[in-house]
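Shared between the two complexes below is chain A, which pairs with chain B and chain C, respectively.
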Partner chain A sequence: MLIRKSNFAEHYPWVLASIVVLALAVVWFVFASVGHAEWPSGSSLPGFTFGILGGLICLFEFLIWPRKKLRSWRIGKVSTWMRAHIWLGLLAVPLLVLHTGFRWGGPLSTTLMILFLVVIASGVWGLVLQQFLPEKMLKEVPAETIFSQIDYVSELMAAEASRLVRSVCNISSGPDDSDKVSDDAHMVVGAVRTTGAIQGRVVVTSSLQESVPDSRPLFDFFNEHIYGFLKNGQLAMSPLQNPVRAHSMFNSLRTKLPPRAHEVVTVLEDLCNQRRQIITQAKIQFWLHSWLWVHLPLSVALIVLMFVHVFVAMKYW
Partner chain B sequence: MAFQESGKQRATRIQLDYYKKSTYLDRTKSTLALICLLAAVGWMALVYAQGEKGQSAFSRGQVTKFHAAWNNNCTVCHADFEPISKNSFSMKWMGHEAGKKLSGDARCESCHVAPVHHANQKLESTPSCGGCHREHRGLDASIVRLPDSDCISCHTNMPAHLATGANAKYAPKITSFATASQGHPDFRLLAEKMTDPGTVKFNHKLHLTPGVSRDPKGKPWTYSDIPEPERERFGYQKGMDLKTAIALDCKACHNLESADAKPSPDAFANMPKSVHAERSKGGVYQPIVYDVHCKACHPLSFDDSNKGLSVPHRYQPEEIRAYLEGYYSKQLVLETKEFSKPRDVLPVPIPGKNPLAPVVESVKKQVDAKVSVAMNNLFLGKKTCGECHYEKGDTKSTNPGFTQIPKLIQTGLDPDTKAFQWFKESRTGDPAKHVWPSIPSLWMPHAKFDHSAHRFMDCASCHGAANNSITKNDILLPGIDNCRSCHAPARFVAGVAQAGVNHDCVECHNYHHGDQPFQGIGAAAWDPKILRTIEQIQKPIP
Partner chain C sequence: MNVAEELFPMVVDGRVVELDRIAADLIKAPPVKITIDGKEVEIARATLSKNPITGELKPKLTTILDAAQKAGVFIPILCHREHMEPVAVCRFCAVDIGARTLVAACHRPVEDGMKVSTGATSEKVNKSVKILTELLLVDNEVPRAVNREYGDNELRTIAKKLGMDPHASRFPKNPNDRGTDDSSMIISVDHNACILCDRCVRACNEIRHNEVLGRMNKGFKSRISFDLNDPMGHSSCVSCGECMASCPTGALTNKKLVASNLSEQPGALPVSVDDLFTHELFQGISKPFMEWNQGSVVRRKFKQGEIVCNEGDSGSTAFIIEDGVVDVFLKSPLNHIENTQSSGFLGLIKKFTTTLSTSKREEEKKARYISIDAPVSLNTSNPIAQLTKEDVLFGEMTCMNHYPRSATIRAKTDITLLEIRRNVLYILQRNKQSKAILDAVYNKRSISTHLRSIPLFAEQFTNDKDFEKFVDLVREKANLVRLNPGDVLFRQGDVEDNFYLVRIGFVKIWIKQPGGDHVINYTGPGGMVGEIALMGHLAELQGKLLTQGRTASATALDHVDLVSISGEDFKIILENFPKIREKMVAIALERLTEIQRQIAKVESTNLNDFLKQGLMEARSLLVLDLEKCTRCDECTKACSDTHQGVTRLVREGLRFENFLVASSCRSCLDPYCMVGCPVDAIHRGKKREMIIENWCIGCGKCAQNCPYGNINMQPFETNEKIDDVNRPGYKVAVVQQKATMCDLCESVDGQPSCVYACPHDAAHRMSGTELIKKVESNKN
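The block that comes next holds the complex of A and B.
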């Protein structure tokens, strides 16, 4: 979730409420510790209260997972939940630290605290990444597509490019592109277009050209470099991953082809460019979501152990 | 080249069910979540399966080394769903009455009998064992070094914590020891201007004067004036001139209980070291003992013709008389010829008449006369009993004669003094019978003071008044502000760091049995009522 000056007004009530609760908690905690040699423990009245509050916050934080899965439910906007998730989660840190009385305790409580701190740290890391990675993606990946569709789109691009090249080189269609593209006089190649500050991938079609004589180098180049790159991306280990190298290679190809085939080369170069962007998108998506590999699984363990902690604490009060 | 794409064509760019497709990011996340779930549940299942052994996972920390045997057995101390501390706010919430004893306390007391703190304290104000002795703070933590807050919780408002009818007459509100304004009173002996309840006269100033002489120009007391075996004790070293004036210091008479024993070289010659008794660390001073500390200079000589003769100390008047009669009788019998003649040369006795009667009568008279002189020497002489035991013109003395001892000496304490009442309150038994001659071994019955911990200090820094004390009535305790010179929060005076030494309550006070400072942890009062086997101590009491 982006936190900007422009949208801080939406965060402000949560920030204010968290600060007020934190200030009250600290004052109470310090007041309760006056005249005592040790900080109030988790079983003291303030410590217990902070434990209850922190536990409820943890439970609420965890509920964002099912809330996201149940987007259609009318239980508040997901964005509101997310704001609460962020600020209450941060508030839970001092509350639960106060709950501990600045002691680690035994194996269970220490594990709980470590889990909690790692969960919080991973969440903060995710929040930080979300502040600039989406913007970076917007700038660097105008050809962005749906993350789960990257493989499908890549195959589509490879198939359509193959069809275009075979048409120009007068080679009968291969088995790969038969089921993904329609047998039409036109094909969709897609393109990145910019209008002012807005840029994005738009659907652009290209009419299938008549065959061009002496265009065999194009077919060879396509098979050697382009097809594998478009279909498999990084896994193809293609030199086309490097934009400078790719530009050079395409220019070299043009010199080997008659001018009528240059337009097709331009289309293919554009497709490779889009594929490179999709590779970048995949990388960014990895960083945007991989922190959840830590955040969510440890949250699950945290919640389970938290309930055990509550039970044991009550039993051996 | 561009053309109008149909909706169908546009739809083919993205799969219609794209939102159902998961990515490797989602799959990894779900897999890891499942692993973490299983790990957490598995850990707890393992803990549960391990039974008692697994309980240490729930512990909030290791217990002290003294209780380490029960680190894995919570139920030895804890009762399920019952607070370990009566002070816990959750007492009522969890269905327990504040004034009721917790079952956890009985578990502690099965090993530790802890006498009550004060007879007049309210039960609901009496903390539970766990309320003060906080465990789970590590192997080396102390559970007896308690924070002041545990004491102050009651002592800051004593009337509220005393049973109905009891008064907080001495220190109703103490918030800290740090400053005088925080309510901790001075030592009661000083605050109430008591006098030394002891009955032995003693002039500290005189004894601390080199030569032990009131007259600076008078004859000093020298090593030649005391018996040879006693000289070393009072500072004599080989080669010294016997005419050297004796200069006593505090250690000449005040010895810690750990003072170096000086048995004769042959005393332990054939004894293995293993049977030597270990000396205590020396927290308190040994009582002054006449035979050790006084006799060298103050022998109880009773016969002017033989200054080396002395009566044993601690004998009561009738016992002294009997001792003297025995001594003189023996002497006269041995010296009287009639008694030393053989039987067969004695004149034939006339029936009804003892031929030795005149001699016996004569001896009796002589013995009585000698005993009278000796008793006179002892009880009225300046250098003997009267030197220490009663004042000239003592109004309490009914008849300071041979057979009458001042009442003050007999009882040991003047019942009319505050000190008598105070000692009577603070000790069991009747001081009139048990305290004699009533020089207190401990001056602060409700506090502890470790002299060995202060052995690096000059005695005069606390007891400087002794240098000018000429009467036994002086209580030579320093005021409590003297303690605060060091035992107070650190402060800077003219840029110099001062104080900063521990000044918490437990530095000087015990909660349990503080009124019986002579009873250590090994005293019978601390013995548990039930003795258990090794197997039994591993389990909770039934």
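The block that comes next holds the complex of A and C.
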């Protein structure tokens, strides 16, 4: 969730509430420690209270997962839950530290505290990434597509490009997935278009051209570099992944081809450019969501261990 | 010798008709005797023919066709009708009079002792007519559109009568595609079905005297044309329907915009065409056209106190008051919804409560008039007014542009109304006779409240007497102008002629720039257009105008009604009313500054693109803030979860600065999807969202019409089962489809799930104008 000056008003109530609770907790904790050699432990009244409060917050934090899954339930906007999740989660850190009385305790409580800190750190990491990665994606990936459709879009791109190249080079067979392409006389070339403030990936069709003599180098280049890159992206280990290199390779290809084939080269260059953007999108998407693979399972483990900790603490108090 | 001395008065049907000497002599001459296919017939040399519309009497020489009809002999005719001047272009009525060539019976005057053979007795005539028929049938062999209303195809009827197969011909089809013209709301033109009989041309020019239709091109490319070859909808055609009613082949057809019949709705009483023609308003319209549109006008009776329509309701009809008085008022309190801050600790946490506040902004404290969709405006201090039969019509804006009803209408006495569909209103507004009535009503009754609803004028007068003086001056000078969507009112650089006040609809104001057209603004009801260029002579504006003539261009975005005041009259108004002049100058300077600011920002927000994408029309866009959106797809998943596993939005679309306008129903102000549904199953809901009724037949017309691809056809299995062709012995369910679209979750609880489920506060619903404001505020 993006937190900026412009939208801080929406976070303000949660920040304020967290600061107030924290201030009260610190005052109480300091007050309770006056005249004692050690900080109040988890079993002291303030420590116990902070433990219960922190535990309830952890439980609430965990509940955002089912909340997000129950999308059609009207139990508060998910964005409101998320704000609460962020600020109460951060509040839980000092509360639970106060609960420990600055002691690690036994192996269980030590594990629990480490787990808790890792969960918090992963959450903060995710939050930090959300502050700039969406903006990066906005700026660097105008050809963005839906993440789950990347494989399909890539295959389609490769197949349509193959049809175009074969028609220009007058070659009947070649590397394509014939079931992915239509039989009509046009091929679909996705393109990024900008008019004024509007920008987006639009469907552009290109008519299949009549064959161009002496265009065999295009077919060879396509087979060697483009097809694999369009279809498999990064996995193809193609030099086209580098935009500067790609530009020079396409320029060199143009010198080997008659001018009539240059238009097709431009189309292919544009497709490769879009494919590069999709690779960037996949990378950004990975960083935007990969932290959840740490945050989520550890949160589950944290909740389980928290209940074990509660049970053990109650039993041996 | 003066002209009057040349005329000879005659009494015909109780009326004195003045004829020239030759015509009078012919009418008074003794009858002639001719023989047609062996039958002798005696007939006058000339008669008086009556124009069925104007009642005008004209002398007409008796033709062989007139004689044959009197003798009961069949002669086929196609290009001719008895109330038209014969032109003999189709030669269907060819007969043999023993001359070197065959002659046209519709055109050839009778002569005493003439012997005539028709196709029934002359093989030469019969062969000639059949070849002609065959050739014309080839030209007319075009598929019929399903959503059109066709009259009888007279050509095919004649072919059958001559014993020919109307669909078989030995001749190849004309390879030239002469095209179609669907620009008129009412009439569709298929030039390929036209056989150039000129009946429509004569109907327009001779019968109606509209002088719109003519011919263009030569040879195979010949076709009818409107004005100077303009599209029909953009021409000066008044949509009287006479050409359509005259067309013998279905080249001019009724578009049947609304398939559903109003008379099938509860409380609707049918109205016969004869009944309609007792109303002065309908008397200028072609009778066959009204017969085709019978279901488009119904009568409704309301008891005192009953509600005719509520403000905010969606609708597609207008009402003509036949009898009684209605109250027009606003039910909604004229208050703001405001968030109030709680006191104490809760006060620190803002936006906790929402209440209806009676507070008013400074500009709202003065009483003013609200422009509504009726011949009256409502005063904010007491928003109620009455309409009577004298006001004729209300609900035009809803009917023409599908805007929601702007006020509540309640029967003050027992009332009778005629409810009319858009196609009928369109004709009433364009037909000369009806338009004159409606314009007179505006000039007499509405102009005062319309001017009062324009703050510029209303605020300049401290007493009603001065204001009435102003209204009287404007009344003398005002003309009503109607524009179709896309019509250009004026272009940048044009010589300034008129000043316009917008009554209904929206006008786009734009300028031409090296980088393309640049939209400055759009002006809606209560706005004014074209004043800057007319004030160029004033000292305050000297040297500040950007160009000679018009400083910008103006184009109608939808069906627009304007009040036009000529430049000279506008200058008189400025001279006579210094306060208005002062205010006008201030507005003009402000607008010029704004234009200059816009030009400076050519590279920034492009309103033109904004309009091109139809965003201005949008009432509820799903906008994703791409700086906040983590592409988690929760919005799509939430939509899918809410609507039985099928999402009604796709997180793809065009970006507008940092915002992605996702593919989801925009609840447009003018929803094109509503036009053409054959079962009238797509409507506006309570919150102006689009809803598809359960009687949708899955034809996909709405999905086709939606310019933004936001209606999906969703397949579903029916209870019916059929044999599976791939697996003999097995059965599969029959799959049908229905249209689905975003209904803003109105079917659930009215809170769009996509927005509700977004964890990052990136998804928002907003109107097009709110989006542009947001983009602007982000820039500044």
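In the analysis below, the second predicted complex is superposed on the first by the 307 of 317 C-alpha atoms of A that agree within 3 Å, B and C clash if a C-alpha of one lies under 4 Å from a C-alpha of the other, contacts with A are read in each partner's own complex, and residues count from 1 in each chain.
Please note the rule applied: a residue touches a chain if its C-beta (ideal position, glycine included) is under 8 Å from a C-beta of that chain, and two chains touch if they have at least 3 such contacts.
These numbers were taken from a predicted model, which means no experiment stands behind them.
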| item | value |
| --- | --- |
| Superposition on chain A - do chain B and chain C clash or fit | fit |
| Vertex chain A angle, Cα centres of chain C and chain B, expressed to the nearest 10 degrees | 140 |
| First, second, both or neither for A:Leu108, with chain B first and chain C second | first |
| Touching partner for A:Trp317 - first (chain B), second (chain C), both, neither | first |
| Touched partner set for A:Phe147, first chain B, second chain C, both or neither | both |
| Contact breadth on chain A, by residue count: chain C or chain B | B |
| Touched partner set for A:Ala37, first chain B, second chain C, both or neither | first |
| Which superposed partner A:His289 touches (first chain B, second chain C, both, neither) | both |
| Partner chain(s) touched by A:Pro134 [first = chain B, second = chain C, both, neither] | second |
| Chain B versus chain C as contact partner of A:Leu305, first or second or both or neither | first |
| Three-chain overlay, closest Cα atoms of chain B and chain C, distance in Å | 7 |
| Chain A positions touched by chain B in one structure and by chain C in the second | 145-148, 285, 289 |
| Chain A to chain B touching residues, read off their complex | 35-38, 42-45, 48, 103-109, 145-149, 152-153, 156, 180, 182, 186, 188, 190, 203-207, 285-286, 289-290, 292-293, 296-298, 300-301, 304-305, 308, 312, 314-317 |
| Chain A residues within the chain C interface of the complex | 1-2, 7, 9-10, 12-13, 16-17, 68, 71-72, 74, 77-79, 81-82, 130, 133-135, 137-138, 142, 145-148, 195-202, 285, 288-289 |
| Residues on chain B engaged by chain A in the complex (per definition of touch) | 1-3, 5, 9-10, 12-15, 18-19, 21-23, 25, 28-29, 32-37, 39-41, 43-44, 56-62, 74, 78, 80-85, 88-90, 94, 134, 136, 147-149, 152, 504 |
| For the chain C and chain A complex, residues of the former touching the latter | 348-350, 516, 604-606, 608-610, 612-613, 626-634, 637-638, 641-642, 650-658, 748-749, 751, 753, 755-762, 775 |
